[in-house]
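You will see two complexes here that share chain A, one where it goes with chain B and one where it goes with chain C.
And then the complex of A and B:
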């Protein structure tokens, strides 16, 4: 059940909201949370009921471990709990990838997968596993004041707005809100209005913008073997915009839904295409994932390596490599792998890691401040290159795209510009993507319009406290809602669901 | 929260302002859709063609009218086929199917054109494909909106008709695209190319990437069978030919070697051609019909995808063939 599906919008959401707020008003916060958990289990089971068993086992075991760690922290307990969670994630998400690569190294081919058969990744496993790992580590670090009740824990992990694709919430962000609700002085319906506005914006971004531009990206990446320079740039730009509006749209919907239930979920996107360097970009893109990796991987790793490096080396370059480059690259390679079990995702992480290392090195060397246009262009270029790996089906496909983007010999004009090609002495042919002038104009319009929107569109998921309930807001929300509902009949899966 | 945004003002927003805006926008959209109801859409070549065949019935009428799908449309839009003024281009694409071609031809003849020859130059799939769902909505039912056409489409289109939707939920089709159509220039004519086919020009095949190989193979393995609806439509095309004394000529468009080989191995093409001959014998009994003996074959590298030629050295090959066919008609 997608957020952008008719069954969610017209049945599930109204019924779950009604039952939650009715239970809250009649029987109090705990009853309301009970209905929210029940609704979330129904929501999750809608896709594949057997995976309910897996998520319930995961939640049950992690709840007991968390409780135990809060009461009596112990490294052994934490390590066993982490091994369980990473083992579960590894088995369901990375088993085939691992065996394929072992087979390739041992036998020179990757046929093991054939005998194993396909394995289906339980929806949202990366997200709910990470939330539980974060809480386990926080409990071990004694950063959790009181152990959550089973109801609170279930609500924290299973709450459907954030269950499938984040944002990756920390328990400390919700603990107080849970207490308030249980003590019957939660937000109630006071956030409902802003929630509707934020949700409508997210729905509009997903259905009208992301799905609207998707065909251009799909055509380009589908034709990577014959793609030309113009098509490769158009297709990659289209994909970067599709990914942004798809995932930020989803995140807005999650935040909006949270508000409708009276919960404030963390912001996940802060207009990332405005970033003028890679450090800035990762502070704005998929912020809760970046925060997770920073808090629970990069910081401990960097701290350990800093202690090691500073004690043994004097050379600035070596210290930079040990204290910054290694933890950054390790973190981004793993975050790439977290996105998907494939070498393309590792390459995606590597490109971003290298970009960040270059950014840190420039800062460390006190390089001159770049003009905005140059800094922004370099940032977006790095992001685009990494997104080619993110989207491509294989490394070969990614390299085909990149070689077309950066090879002057791939500058071939479409057949409808044959006259111009003859005048300029350039090659031309019937192109796969820009096959007609009309299609090319449409593609250009979509890319330019969405590029402008990606940096100019207001970020209500961040500023909902400042929204003013005016007639103009009502018209904007109604317009976006109508437009999105009008296009509902072609729903697509959210890109981030696969992770 | 700011002073002005209190729970009370949000309550007013949810209970009055938002429903008020919803209602106002819905009413506005209905009014705009009503005002633009008669405006013909201009989304693709077929919209243009459907508009222009009615507006520009040439005098004297071209001797030959050509229908077919996009592989032939690519030629007609680029090359001057036949002697000047002798050919009318009513080629479309596969998405609009035989039904779209028939309704175009009907509009063309209803506007006063009196061609002597009807050439159907197309892929075999043009005879086997019948548009449905969103394809049918985009390329057939939203293009042909005269009452007689709607009545005809009710009898040949499969699947349930789309349910009524308020204009606010179809803003793109009922308002946006129609408003754009009002602004767009209105070129006359039937999209005829100007380049002369060159029998002396050579052609060299390009690379055959894996995706093209796969596409050619998929096409070669797909069944080719004329559905009952298209048998009926073919009969209606022949009835039109009979009414206006047209002779019918059918020519298969060029096919890649790989696809052709698979068709031969599986007897797909032979079975299809036999079925088409049987159908023509039944529904076009009293019309003069000739079928081109050969299916031109081209190297795989001559194709852009499974059924389109890649560039002008290869489209020229097909243009030369079509030109000879048209010029050879009495």
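And then the complex of A and C:
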């Protein structure tokens, strides 16, 4: 059941909100949380009921482990818990990828793995696994004051607005909100209005913008074998905008839904295409995932390596490699792999990691401050290259796209510009993507319009506390809502649901 | 060391890491208030604090700290 589907919007959401707030008013916060957990289990089971068993086992075991770690922290206990969670994630998400690569290394091909059959990844497993791992580590670090009750823990992991694709919430962000609700002085309906506005914005981003521009990206990446320079740039730009509006739209919907229930969930996107460097970009893009990797992987790794490097070496370059390059690259390679079991995702991580290392090196060497346009262009260029890997079905497809983007010989004009081509002495032919002038103009319009919106659109998921109930806001929200509902007939899945 | 002295020393550490002698810290300052605060500078801050306060911090120890005020209080409990 997608957030952007009719059954969710007109049936599931109103019923779950009504039951939550009715239970809260009649019987108190605990009863309300009970209805939210029940609704979340129904929501999750809607996709594939058998996976309910898996998530319930995971929640049950992790709940007991967390409780035990809060009471008596122990490294062995933590390691067993981490092994359980990573083992589960590894089995369902990475088993085939791992076996295929072993097969390739041993036998020189990966055909034998075909007998394993396709793997079905349980929805949201990467997200709920990370959220539980974060709490386990916090419990081990004695950073959890009191162990959550089973109800609080279930709501923390299973709450449907954030269950499938984040934001990756930390328990400390919700613990106080749970206590307030249980003591009957939670947010109640005070955040409902802003929640509707944030949700409507997310719905509009997803249905009208992301799904609207998606066909251009799909056509381009589908034609990677014959693609030309102009088409490759158009398709890659279209995909970067589709991904942003798809995932930030989903994240806005998650934050908006949380607010409708009276919970504040963390921000996931902070207008990332305004970033002037790679460090800035990763402070704005998929923020809760970046935070997880920084807190639980990069910081421990970088700190250990820094202590080691600074104690043993004097040469600035060597220290930079040990203290900055190695932990940054390791973190981004793993974060790439977290997105999906494929070498394209590892390459996505590598491009971003290298971009960040270059950014840190420039800062470390005190390079001159670049003009904004140059700095922004370099950042977006790096991001676009990484997104080619992120979207492509294989490394070959990604390299076809990239070679078309950067090879002058791929600069071939479409047949409807034959006259111009003759005048300028350029090559022309019938193109597979920009085959007609109308299609090319439509594509150009979508890319330019969405590029402007991506940097100019207000970010209500960040500023909802400042939203005032004015007529103009009501008009804008209604406009977005009606437009989105008018396009509901063919809801497309969210790109991040595959992770 | 009093909390005020800790804040003063912490300000020196921050000025050194962010290479900004005009930087002023208050108990309410957060990572969002300092544009240059990134993952690498966070590591430098931990190492700077270890040196300035003669203590050893765990890698995730400052994860839960919300602002400079909670950082001052945390260091106060460690050096007290």
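FYI, the second predicted complex is superposed on the first by the 498 of 499 C-alpha atoms of A that agree within 3 Å, B and C clash if a C-alpha of one lies under 4 Å from a C-alpha of the other, contacts with A are read in each partner's own complex, and residues count from 1 in each chain.
Here is the rule we use: a contact is a pair of C-beta atoms (placed from the backbone, for glycine too) under 8 Å apart; a residue touches a chain by one contact, two chains touch by 3 or more.
None of the values given here were measured: they were computed from a predicted structure.
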- Task: Scan A:304 for contacts with chain B and chain C and give back first, second, both or neither.
- Result: second
- Touching partner for A:222 - first (chain B), second (chain C), both, neither: first
- Message: On the A-aligned overlay, A:324 touches which partner chain: chain B = first, chain C = second, or both, or neither?
- Response: second
- Task: May I ask you to decide whether A:429 touches chain B, chain C, both, or neither, giving the answer as first, second, both or neither?
- Result: first
- Mind working out whether A:296 is in touch with chain B, chain C, both or neither, as first, second, both or neither? second
- Identify the partner contact of A:175: answer first if only chain B is touched, second if only chain C is, both if each is, neither if none is. neither
- Considering only touches as defined above, state whether A:52 meets chain B (first), chain C (second), both or neither. neither
- Query: If you stack the two complexes on chain A, which partner ends up touching A:283: first (chain B), second (chain C), both, or neither?
  - Reply: second
- Note on the structure: Counting residues of chain A touched by each of chain B and chain C, the higher count belongs to B
- Message: Using the superposition on chain A as set up above, list the residues of chain A that contact both chain B and chain C.
- Response: none
- Query: What does chain B use to touch chain A in their complex?
  - Reply: 1-2, 4-5, 7, 9-14, 17-18, 20-22, 24-26, 29, 44, 74, 134, 165, 168-172, 206-207, 209-212, 304-305, 308-312
- Query: Quick one: in the complex, what on chain A touches chain C?
  - Reply: 137-138, 141, 143, 172, 279, 283, 294-296, 298-300, 302-304, 306-307, 310, 323-324, 328, 360
- Spell out the part of chain C that touches chain A in their complex, as residue ranges. 38-40, 42-43, 46-47, 58-61, 63-64
- Message: Taking the touch rule as given, give the residues of chain A at its contact with chain B in the complex, in rising order.
- Response: 189-190, 192-194, 196, 222-226, 415, 418, 428-430, 432, 435, 438, 465-471, 473-475, 477-479, 481-483, 485-486, 490
